[in-house]
Each structure stands twice: as structure tokens, then as C-alpha cells.
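Below is one structure, written out as C-alpha cells; comments come after it.
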């Protein structure tokens, strides 16, 4: 931590800061410059509250040096996090394709899409049973009924399933049904939910909020990791910017950035990141080229009949074609998208994810 | 709702949209222009899913006409919402001052600040018992112990109390202790929490998220109102913009905008909106001049010892001086900040807010 | 300047940075921490290129300590800048009201509005002769013809005039006609233009861009000041944020922030900052309460006939009423809006601004 | 154009709008809904000023239907724009690589980098002679001396050259030296400059501003195109968002979006879009996968000695390796990056770009 004193700070102000820092058990290292004094703090700066120091007389600014996350940091864990969910390896050399409808709309519809997704190259099935909707009057999801249909689709197709959970009280119930929990963008900083998920020890995909910096995002991952739940993957789904032609703005930089700062796998969601099916393909390709470990893509048989987000959903045939195109790009960057992984998975899977040792990829 | 067709849309595409809209029970009104056709939808456009139509062949864009909120809208309820909490009128001609520490740090400290706030002109006491912190390793609040201290401070000072609740499961517990629930910016779109608060029928202050538009904000109010809980006030606490000199950017426009679009009272939080005590006064004055119905201001005896957000806290003497300055501005815009309201309130109050009839202010 | 080394930086990396800094004539002050080394740079950090150092091996980050502006900084010039333009004092205890149409539309129309503005309480007349328009097919302004009408309006009313200039080559011509040049938001970082205006030694109002930080804004003021042109005022006209109900988001925090960081007068433009006449009053009041030194307000006799920006223009009678309301707020914060200043000014003015000594206000 | 009337609008208000629209030569088509009336405007809505109508009594909102750009629009010109500059085809099946230093620092240095870039696979040489710098005290470029060195580098390597121009008065001079003009992000809406470039009939690359929407960007292209200068390419160089780990946020969605809305070629600048060399590769790959027609990449022999932007510059050997990797991705999306194009080009080139017929690619 670096404490920058004001130009007109008195020696008494400077001494007070030094005393405060030393009382917290840290060493100080004052640098007397031409215009002002700067105080370096040696030791774990996290024990000294940055905002407290910032309020002391004569202090202009306090700048942190050490990143505030630890378990999520590549500095502290250099090797990639790789884990298996229902036989599907996440974070390894091969990319993972998650696909399915925005919302689970009914048993028949879901089973049909699930088969189409598997046929199109998906490894994991997505589907919303609890939907965060802007309006209280909109369809809010089938709830537990939706979870049952998802579990049935897993039985039929062999694909592990992922679904969003919004209510901390429902985490245990949702864990009974699905393989991977999803934290939506609106709940990235819902710490009650993050703690409940951390305690569940269940695999989780943490979406970035529409406004979050990577630092804030990794701090949210840290909430989950701090409970010893290491099966965490990140998901970039677009931020809010000025553009009106797309629903969100896909921050492709976030892929190399999180890869450098963290060891966690990173998934891209081009459906939400664009909001329009016409742009999903181009953005999905960009994500693969930039190094994403997987994609989450919305697929619907009849997007113009979808109960939510139809505008950004691909039809099954287009999805299948896209996976083929993505595979070529994955191979161009030294990776692959396995198309027969599901057969492989069908035997070993247990319905619910089993912990595996974290292995080093690179 | 207006459906804009593409320039190259076929008659078949147009007919399909018309058929869809009519099937939903709405009338259509096509306008054949020079370059393209535009289809006006008459009836409650909310029954037709905008995103579904947007996905139909030949459709370029779908523009809503009717605002999606109803209970929160001034179009449907022209008179201001005014209600009383523990004898303090919110949303009336007089402004309401809420003050107190960011976090409840201990019994003695809280009682001391509470008296200082009352002495300085506050009508309602704030204090966090559950703190949303960026880091899982930071102080997370005293929890129920903090609620007990708040209740004790209310007994001693006669001021109603407000505190943030983050966990839907804790809403009933928090309601037992405090007069007003607060929804923090990070939880604005935590629909599980909003529903729990709606069901509680407890007064609530809904902060705007760092990124939310007023439309999204009012939709979140609609979630609470849809449960018949009408004692809702809004709070503008600053949005995230590019500026680095302040913690957030206070959107003062939001005050006249919400006043025009909605009947709900609007409170300003200049402490979070600036993040630095030096700027709190100027921004508080701006809020009063722009028409805010009240202010929430962080006060701490020793800001440089505060467990959180010390940098934006005022010392009691500065707070008192500021309330005096704010009163002059309130009077300049035809309102007032009563300084003896608390004596008036002390008799009639019941500890927990009692519903009153909504009265018309203007 | 503080250079933060990576955790894995070698001693060789550290030595290279030290050598580089010392070669530039600065002293270094390394702090060896638990995890990493941090190097403090003593001396004028501006002679060392921050981006160069940031590219050296083993360097994680480089953080500037000294603000990069000097002539614009209150640290170097503590007293407020106050100057007179055509007899109107800018930056003093009294606030300045600039008013007029968005664009000069014709001789008769301008003279009529000019008189109405003066009658309503304006001290300076605004009007666009060169209009930055989003579309090349929109009305681009009357150019020199517009300047002539402005000069005529000055003769008739005695009010100094301000107009936007966009083309560096036209600066000399515009200086011949008007008292104050205006740099629009889109041209804040048009350095060619800033240099031309700096050289002109003409009074100037520098609008903040829709995205600029106060630091960038002050650096643009520094461009003008670096030519010895000290008659510079800032103008906050709203930033671009997510809100769609208003055209821009007025950053009221910018008023106390620029007052703290700089000695330059700050004007608010509530017309552009809201984009809708219904909100202009509330935002104008907020600006005065927050400490603005003046306002620029668009006025038009028939806003629904205006050639540009009619939606945000006030009618003369509403403008006059607003100035009365603003005066009450100015007085509530210990300042004033003189209504008879123009008579005072009429004798002394010369048509073109004359330099006066900068005087200390506080 | 659609005019939405307020719920409480009177018939008189509605009639006034209808009259106004009809007076401008357009037809109206009112739709009387349950709550309010909506008025469809048929004809070229551009002749009716949207902001004027928005200011009329009883009008709530005015929504444009027709995009305001025409020459830049794919609706009006469906086939891709393809043109040749010095023998290099831009906008065709093959991608174009532009590379070189941020600033021209000297004759020897430039020639050395130019050869290294060509050797690494570049087709066009970039280099700044006029540099937009945040600080007036920073190096501002070598000006005409820099242009001479660029021209010499072209002679030696055969690569056409591109450089930024900021001053409208210098456009003719810069055109004498270079093949392609560049409009920087800060000048995207510098209409004086855009008009000067439009008149020059010189090829130009128009960078998107840090905040511009694609609509605003295309309107700026429209300024140039409106002069009959059709050799325009767009360049996405990153927008400003909340992220602090990167200098800007690369909006990869902009590639498919501009491809859909416009026929102009789109180039990506991963150097500015990330601001850190470590991330340039991943983002460059993303751009190619998403369909960019070319890349502009900063290359410097000794980035830690660069006079500007060293942190985002690649060393020649890394650049060469990256071009090889990009080629694989280009091929995976059905395109290519020719490595021997320069030999092909060397004969035909004339030093200054020659107009060619626009050909259809797809």
C-alpha cells in the first residue's frame, strides 16, 4: 500500500499516518519527495483499512499494491484449474460447449431441444428454471418442475446440466437436481448467495455483472473459493456500454486478462453478449480465438415462440453448423472441440459432479 | 408497441407478425411507408413478448410505447406517495434527514453517534448491521447484535431506524427490529429479496444500482409494490462513470426524472455518491435544490477510525453545520427541514412503522 | 511516480528500472516488501515516460503521484481565477447567466431572443453560428452571417457574446466578432483547436467531453493555459451514461471536484445536461447550490420551431421565472445573481473583452 | 418516424403535430390506442426535425425509424466496398496487416522498423508524425519531418503508408506524403476535419471514438462519403468502459454489427484496444475470427525505449509469430493473410493511392 500525502501535509500528519500503520503491525518506508511525502507500507496491507487511512489529515490518496484476492489469483496458484463435471472436463485443452434454451418451457420442449443440442455438439445442457425478469409480471420460470425436466433430459442425453439459482435458500434443492450452479450477472455481488454456493461445495459458473471490473469479479469468485469450493468457472456475458445495436458489449479482452490474473476457467456467453442471433456466431468465434475454455449458447427450436430471449437464440441447425465452424478455430489455436465426448462420458457419470484432483494443463 | 419491418421484408413476413399479434388479442395497425412497413400494436403490448416478435423473420426492431411499470407510475397514480414511519413523514413538504454510521461498530459507539446525529438535525438513524463488502475477508457487520444496538438507540433517541438487509431469509428478523428496510445498490435487481420485502409489508428504501436506468429502477420498485407494499422510497446514491476523483457520479437528473415518472419519494445519498467527505456538502445541497425528499448522510465521530467507508463520513459538528445550510436551500425551494420534528414524533411513535393513508401533497 | 515490480521480478529487472530512472535525472527509492519490490521515483516524474517504464521486464504497474497539470492546478495557484469580459465578472462572488438560442437562426429572431434573455436576467448572450451536427445533412449554422447578427445583438443589448468555434482556421475571424470562444464537448481533445485558441489570448469556455475525466479536462485547459491565455472557464454539460430518459447525465460532483483541484471558474449547462426542458430547472438549481460560478441556458421564443435542440430550450417567460428562483438559491449559499448588472456594464464595455488582473475572491 | 403522444394529450395537441408533419411534406398515420395516440410519419422523416416535434405540447417521445445515414448504409449499397491502396486490396477476401511504431521517432529507427514489419508480414506501414497527446508538455511528433521519413520508408519497402492527421489545414500537405489518412478516436466527431478529408478524396481510416455508438460512427463516415470520397474504412480501437486492467475495452461485437449495417471495410486495432502487449495477440485473434478485414498493430524494436505507447507495442519477432498465428485463424474462417503480397504489389504501385472501381466481394 502506498500512502500519498498532500503537498501541504505537516510533519504531524505524516507521523500520525506512520503511527497508525505501525500499530497495525506493518512497517513503513517514507519517501520524501520534492513536493510531497509518500509512505510505502510493507507487510500485509490488507490489515490496514485503506479507507480509514484515506480519511486521515493530510492524506491525498491511498493506492493498493497487492491485489485483494488470493485464492483466485494466479500469483498464488500458477497452474490452471481443471475439473470434471459428470465426466466433462472443464478448463482443459478441449473446449466445452453448453447449450440449451433460455428458459425450460415444458417437458416435451426441453427433451426435444436437449437432443438437438447434443446432436449439434453440446456437452452440457443449460436451461433456466428460475428466471430473473425485469418485470414482476413476466414469466418467472417453472421452478422445481423445471429442475425435474432438466434432470430427465440429463438421463436421456447423458449431458450434465447447468441452471441459474437466485435464492440462497434454494441452493440445497437446486444442488439435488443439477450438476453446475450458475450465478447470473445481476447476482454477481449477491454475497449471501455466493456464500451459500461456497458452502454447497457444488460446481459453479460465475457470470460477470454488466458493470463489474475483473478485480470485482475475481473478488466474488474469492467469496466462493474462501469456503474451499474450488470448482469455479468464470463467464463473460457482456457488459453494458453505449451501443444500442446490441444488447450488451462483449468484453473479449476479459479472456486474456482473467487468464493472466487467475487460474480459473473462463466461459463466454455470446448469446447475452450480443442479444441478437445474427451476431452470436461472430462473437462466439472471437471468444474461441481469444482463448476461452468454453461457450454457453442459447438454442431454441422456434425462437420466435420462445418465452424469453428468443431474439438471441439459435435454431438447432444453425447451432450445429456453428459448432463445426468453432472447431476449426479451436484447432487453429491449438485446442479442440470434441464431438464424441458425450459417448465417452455416458458410462462414467454419476448424475452429480464428483470432485477430482485439480490437474495442471500447461 | 411498434414493430419495424426490414426494408426487404416480404408480405408473408408482415402477415406472420400481424397474425401473431392478433392471436395475442391485440389489434394491428400497419403503416406502409416508402421504404418499409411499420406495424402499430393496439392493446396491452405487455401480453405480446417483445423479444419473440423481434426474432420473427423480416423484423428489424420492436419498440415499446407503454412503460412496463404501472404501480410505480405517475400516469396511473398522479398524486405523490406520502407515508409516516414512526411519526416521521416521508415524501411530504418537509425533507427527511437520515444519518448515522456506515456500520454499527459497537453499542457505546452507536449510542454516541445516534445522539450526535439527533442533535445535528437527523430524523432517522441509519447504521449497517449486515455489510456488503467487496472482500470476503473484510468486516461483514455485527448482524443481529447490531440490530439490537440500533433498537436501543431508537429507544434512547426516539428516531426510527433504517438498515440494509441482503438475505431474503433474514427479512422477518430484520423487520422485528427496524422501521425501514434498505435495499443496497448491489441488490437492486435481487428479485428474491425484493419479493421477500414486498411480502413483509415493511417500509423500504430502494437504492438504485450503479448502472441501472430509471426504468429498471422503477421496475424493481414495481416488484415490491406488486405485493401491495406501498411504503417504498427510492434512493439515488451515484452511478458508476469514468471519473476517478470521486467514488461514484451523483446523477442529480434522476431527481426530477423520477418525480416526473413516478409518485414515489426520492432520497439522495451524497456520501456514497461522492465517496469523499469534502464533496458531500456540495452534492447534498444540489440534491435539495433539485427537489429531493430527503438525504441519507454518513456520520462518524472519528472517521479515520471507522471500520468502513470512513473517507466519506462527516464528523458530527460538520454534519450539524451542513443541516443548517441545507435548511436554507430547502426554504429557497419552498420546503423546509424541521429541526424540532423529533420532539413532536416522540409521543406518537410505536417503535415500528404503522401504515397511514397516502395523502396528496400537491 | 511509483513503479510496482512483479512478484517474480529478478534483481536484474529491478536494477534495469533503477538505472533507467536515474539516467533520466531522478532519484530512486526502492522498497523491498514481502512479496515484491516497489520503486519510488523522486524528482519530476514527468521527465520519465510512464508507458516506457511500464514496458520494462518485470514491471507490473506504474502509478503517477504528481498530477500532470500545473497551470490549471490549485496546488500551484491557490486563489480563484476571476476575470472580466465586457464588464461582466466571471468567477467572482456573483453568478453569471449566459442565455440564448442553440443556433442563430436569423437577424430578427436573434435580436428578439436577445432582448428577452436580457429582460429575463441574462448577462451574456449565447448563440451558435457554427453547429456541430451529427448528420452532414442537418443545418450547420449561418457561419459569419450568424456572427454578424450576434455582434449586432451585443450592440443592442450591451451583453457580451459567446459562440462555439470548431475550425482552428476560423479562430481569428470568430475572435473579431465575439467576446468568448466556446469549445464544444466533441472538441475537448481537439488539440489543434486548443492550441489555436491558446494563441488567440481570447477568453474561452471549455466544455467537458461526454466521457472525459476531470483530469483529462484539466489537461485540455492546460493546453490553452500553456500559451499564457489565462481567461479560461470550464463548463460541465453532462456526461454520457446509461440513462435514456435524459439526453446526458449531469455530473454535479464535477463542481466541487474542479473547485478543489483547480482555480478556474466552472459554469453549468443544464440544457445539454438534461436534453429536456422539463428537467432544466431542477438541474440548474442543483448546479447553483453545488457552487457553480454561472449557468448557460438555452432559450427560444418558439422551441417547437427551433432549428436545433428545441426540446431542451426554455421559453423566455419560463427562463425569467427560473432566474428568479435561482437567485434565491444563490443567496442561500452566500452568493447572488445580479439583475441590474447590465446597466452597470453598458458604459465600460468595449465590445471585445479586455484583459484584467486576476483577483483573489476568497 | 413515430411520434408518441402523452396519455393526457388533447386532440388539439394531436392535430398540431399532424399539421406540422404534413406541412413538411410528409403523410401522417395516427393510431388511436387504448391509453394514447401514436402518429406514424410516412415519407423522408429526415426533413422533419425530431427535436422540434419532441418539444410540441402533448408529445412524449419521438422515435426515428429510418437510419440517418445513407451513403454508409448496406441497405442502400448491399455489396462490400473494396478498394486498392498502392496495390494493396482493402476489404477483399484477404486481410490487410498494418504495422509500425506509434510515433515516427527518427529516420534510422523508422526504416529499421519498416523493414522488420515487412519481414514480419505487414502490408501497410503505420507511424505517427502528428501525435495527439494528453499533455501539452509531451512529445507531439516530428510533423513534416516525420512524413518525409515515412515516404522514404515506403520507397525502401514498397509498403503504402498511413498516418494520423489532426489539423484540417494540414490535410493537403499530409495527402502529398501518405497513402491513407487516419482519423483518430478523439477526432471522430471533428466535423471540420472530416469535411477536409472528404474534399481531399484521399483514402481514409476512421477510428471510432472511445464513446461513440456505431450509429454515430457511421454518421461520421457519412460526412466523408457525402463529399464523394468512397475510399473509407472503419477502425475499432476499443471503447472506454470500467475495466482498469486494460487501457480500453475492445468491442468485438462492432465487427459483425458494422458488417451488417454498412458496406465499409472494418479494421481492428488490438494495440490501443488493450493497451498492453500481453493482450494484443488474443484480441487480434478474436478480431480476425469475428470477421475483421484487417489489423493495425504497433511494433517497436525496443518498446521500453519508445517515445509513446511502448507498453502496447510488440517486438518484431513477436509480431512475426503473431501474423503466422493469425493466418491460421483467417484460413479457419475462409479468408487468408497473404505473406507475399508485397512482391506482387511492388510493381503496380504509384506511391499515392489510385482510385479503383468498387468490386463486389460476396
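As written, the chain order gives the labels A, B, C and D, with residue 1 at the start of each chain.
Basically, a residue touches a chain if its C-beta (ideal position, glycine included) is under 8 Å from a C-beta of that chain, and two chains touch if they have at least 3 such contacts.
Since the structure is predicted, the reported quantities are computational estimates derived from the model, not experimental observations.
Listing every chain that touches subunit A and subunit D alike gives B, C. For subunit C, the chain with the farthest CA centroid is A. Note on A-D: its contact pairs, compared by residue number with those of B-C, C-D or B-D, agree for more than half at B-C. Each chain gets a centre from the mean of its Cα atoms; for subunit B and subunit C, those two points are 32 Å apart. The distance from the centre of subunit A to the centre of subunit B, each centre being the mean of the chain's C-alpha atoms, comes to 28 Å. Inter-chain centre distance (subunit A to subunit C, centres taken as mean C-alpha positions): 41 Å. Shown for subunit A are the residues that touch two or more other chains, namely 211, 240, 242. Contact topology of the protein chains: fully connected, every pair of chains touching.
Looking at the complex, you find that subunit B touches subunit D at residues 2, 4, 7, 29, 31-36, 38, 40, 42-44, 63, 65-66, 75, 240, 242. Listed in rising order, the residues of subunit A touching subunit B in the complex are 20, 46, 49, 51-57, 68-69, 132-137, 166-169, 186-187, 189-192, 195, 210-211, 216, 219, 222-223, 226, 240, 277, 303-313. Put simply, subunit C touches subunit B in their complex at residues 211-215, 239, 241-246, 249-257, 259-261, 273-274, 278-279, 281-283, 285-291, 325, 328-329, 331-333.
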